[in-house]
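Chain nomenclature is as follows: A, B and C, assigned in order of appearance, with residue numbering initiated at 1 for each chain independently.
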Amino acid sequence: MLDNKIKSKAEIRAEKLLPGNQNFTTITDDIAGVPESKKTPIQWWLLFGFALSLLAIFAGSVGFLIWEGTGIWGINNPVFWGWAIINFVWWVGIGHAGTLISAILHLFRQNWRNAINRFAETMTLFAVICALVFPGIHVGRIWLAYWFFPIPNQMGLWPNMRSPLIWDFFAVFTYFTVSLLFWYTGLIPDLATLRDRAKTNLKRKIYGFFALGWRGGNRQWQHYELAYLVLAGISTPLVLSVHSVVSSDFATSIIPGWHTTIFPPYFVAGAIYSGFGMVMTLSIIARKVYNLGHIITVEHLDKMAQIMLLTGCMVGYAYSMEFFVAWYSGNAYESFAFVNRALGPYWWGYWVMIFCNVVVPQFFWFERYRRHIPFLFITSILVNIGMWFERFVIVVVTLHRDFMPGAWAMYNPTIFDVSIYVGTFGLFFTGFLLFLRFLPMVSIAEAKLVLPESNPHHGHEE
Amino acid sequence: MNTYGVIARFDTPLALVHAAEKVKDAGFKDFDCHSPFPIHGMDDAMGLKRSKLGYVIGAMGLTGALFGFGLQTWIHSIEYPMNISGKPFFAYPAYAIITFELMVLFSAFGAVFGMMYFNSIPRFHHPVFYSDKFSRVTSDAFYVSIEISDPKYNEEEVKSFLEKIGGTDIEVLKDEN
Amino acid sequence: MKLDSKTYHYSSKKSTNFILMFAGIALLSIAWFAGFESKEFYFSYLTSFFFWLSIILGAMFFTFVHYAFSATWSVAIIRVMENTLMLIPIFTMLFFPIIAGMEMLFKWLPDHSYWLTHSFEADHLIQHKLPFLNKQFFLQRAVAYFSLWNVIAFYIYFTSTKHDTDANHNALIKLKNFTMSPIGVLLFTSITFAGLDWLMSLDPHWYSTMYGVYTFAGSFLAFLAFLTFTLIRLKDQGYLKDIVSEEHFHDLGKYLFAFTVFYCYIAGAQFYFIWYTNIPEETIWYLHRWVGSWKTISILLIVGKFFIPFFALIFRGSKRNLRLLQFMSIWILFMHYIDINFIVMPTLHHDGFHFGIYDIASMLGFAAIFIGGFRYIMSRSPLVPLNDPELIHSINHRNH
């Protein structure tokens, strides 16, 4: 009865996730081979050049912003929160998928994450850096950005610890620090691998320095595994808290359309959704450029598409509930805010958001679309366009028609709004490409855990 | 020229787990099993107690939470009370978020630096690095090392013991000078 | 590995179970008869009804997650969840007293006693909501929810039990296709609107976009506690030996812990933004729950529904301690009852918490029906899905 001849799920999973005849040696060679190789693919140089030119645009625009002040942006009465906050929320949101993949899927013992978690964590780091740029530069007098910190001014007055903007600072700062620690902890055994395989003395010294003298003893693994598990455990509520805190920037106000109780889980779902879109985009590019189709397989892309379907349905649910309750509440201002989103002068923003975030993921009910790589690639970009528009709808469309109809106005972004936003892609991709070149993009130690022979109890269960 | 211990290579994770059990049963204390990835059930095989790291993390988390809550209470109730949105000075629900964030931040520090403390890293020089072949342990090799500090250590006996339990490439760790 | 069939065949006397169910129905009938004209009865009945129903809805959600994501570890305990689902037909019947007492419960009906002294037409908020909150549409929605839940319960239960006898693995594929489909979206929507209809509309002026998630989070936590309690009870009686191990309880403990935190996050966020913004039409809901002895209940919920389970379950050891888990699961269920009471009752008792004869009668009545029915359903099929190829892996599964 119980001695079924069917293959165990572990075996099937391993076959799907690591196809071909692979063993510990080939995994190390494949993954470590990328940073070790002397030849850099031509595509890498092309992308890197492109990223660097965007970075130059970024540096120039930010320099001019600091010189001239935030007047160069399109913000004006009544829209005083423009692209800076949109981009901030967008980039933080993208970061969330990285933590989700590393932490939550680790807790749920979803081994398939092992192929993409390093990738996703790195994406988190650079996305959070891009996000942190915006609160940093939006203060205008950037040399006073330390006012974010809980330090009293010359009058002995402290920052208001009950303000959501200070919560934001604490949340994003904690998030960045914990993500960095989590990323680095995961990297230690792999750095040791690179150290032990290094051909030149300099490389050996550099990798060796960061590997901290790791020697893979079980007395080390024991503490290491617990630390990693706890980091995953605390990152999970952290990632929920970060976007909840970001949502509180809006929801603690009394602006119709902003003040609504569903905001925290809705923002978290949206963040994960956009983040998975970005992981999808990046991993499709990376597996193409580096021929890693056998490590980041279609199976992984399928799983990610399933999560995008789930979170896409969640944001769809939140949009519907907001709309329904705006009517149900009987509050005229609340209803107006939502009707204005859908049918007002910015109707196109709302319908881009609905199309990209609610309609597009519905294709993922079908396995055919979840495994169609060009379709996935286009979808993953659409998702991020949709999520950018979601924040645009929340920020700009809500504000441009506020309580006083005499002050209603349209929001006109300037070239500097655009150039700084585009420039952050330069920052993001420069960092990411350097990571791809010099560090193992898949966790070498964890990728091996997908092989059945890594489990000593394998084949001895019955 | 000093000797520091003996290492022996095993072929598979399973072989390493069995070796660990035998080394433990033979009464060795200062030994370790090296592998490219953590192996399930190895802690039991080596007879290791559960890591104490959890307590460190818990203590750090509690400290962070108390610090966060205390800081906000102190600032807004004692140091510089200010009326904000008509709420009491001690508006404790508003303190939940920073309390939580600092709890997480401190726990993360506890986890990473506690792990480094328990693992005695950074430590850039260790006798096992004297072996050239040992460098494959971070890729695809599985090693048992028995250190000279072990009370039962006797070079010849240890070597033959490791050979008997299936170890290959047995090496004595020696420094170069 | 061979399992002793005694450990997975639940035996209970059919007559005992039917007497139990009958006694429950009798008790509820007597209470209904006595309190036919009394608001007290209908509010108590609604509280108990929703308490037990939420356990079934939580089970439905967990079953969906299990099959949609082909979870391995929960295979050994899935049948207990599926058994819970099969109580939905009884609960469909038990909804009728609520329909009969609608005028007593819901202020948005023009027949509610409040409108004897006030003008229904002058309440413009309720007038605005009439297209949604009217008797006909309310009943149509209730029919829709119960139809959906019955279809889900019957489909999952009978597909899964059929697999026990014919060992045709297509059943698992069918279940995966069934759960990994828009039916899951419908299920969540139905839970949302059931919460809106039966709980939130008790106070027809008040609204919260979080309410559906709030209902879900409470239901799921309640079901986890019920599941843990049931499994420990079964083990104590000698069932599921060698099948459900400490490892499963460790996982359940993790779930209990995680969803205690999740519930706190959802309920807390709902409170937080209303408290922070301080808009009168929203704060009124919490203000009603901060007067008289309701204040004690509110504090009890914060301490009892969050802090106590949080600190009790945070340690690894406590998740593997069956006696502690058993106590915590009863405690969480108890707090869930207090929670539903806290949601429903302040509409009736503005001055403070009351616990009367109708509360006791409906709670005991529902408990008798639920337990009798559940024991009967459990005895009808093996306690584990015998032919599921993953069962062996679920049994052998180990934690970190």
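The working rule: contacts are C-beta pairs under 8 Å (C-beta built on N, C-alpha and C of every residue); 3 or more make two chains touch, one makes a residue touch a chain.
These numbers come from a predicted model, not from an experiment.
Put simply, the chain nearest the middle, going by average C-alpha positions, is A.
Counting C-beta pairs in contact across A-C and across A-B gives the higher total for A-B.
Centre-to-centre spacing of chain B and chain C amounts to 43 Å, using the average Cα coordinate of each chain.
Rounded to whole angstrom units, the spacing between the C-alpha centres of chain A and chain C is 35. Separation between the centroids of chain A and chain B, computed from CA atoms only, is 29 Å. Within chain B, the positions touching two or more other chains are listed as 40, 54, 85, 94. Within chain C, the positions touching two or more other chains are listed as 272, 276.
Residues of chain A in contact with at least two other chains: 225, 237, 248. Chain C meets chain B in the complex at residues 268, 271-272, 275-276, 278, 316, 398.
On the side of chain C, the complex with chain A involves touching residues 1-3, 70, 72-73, 124-125, 128-129, 132, 169, 181-182, 185, 188-189, 192, 207-213, 261, 265-266, 269-270, 272-274, 276-277, 279, 281, 386-387, 389-393, 396, 400.
Against chain C, the residues of chain A that register as touching in their complex are 1-4, 6, 8-10, 109, 225, 229, 237, 240, 244, 248, 251-254, 259-265, 313, 317-318, 321-322, 325, 328-331, 365, 461-462.
Listed in rising order, the residues of chain B touching chain A in the complex are 12-14, 16-17, 20, 32-43, 46, 48, 51, 53-54, 57, 61, 71-72, 75-76, 79-80, 82, 84-85, 87, 91, 94-95, 97-98, 100-102, 104-105, 107-109, 111-112, 114-116, 118-119, 121-126, 128-129, 135-140, 145. For chain B in complex with chain C, the residues that touch the partner chain are 40, 54, 85-86, 93-94, 96.
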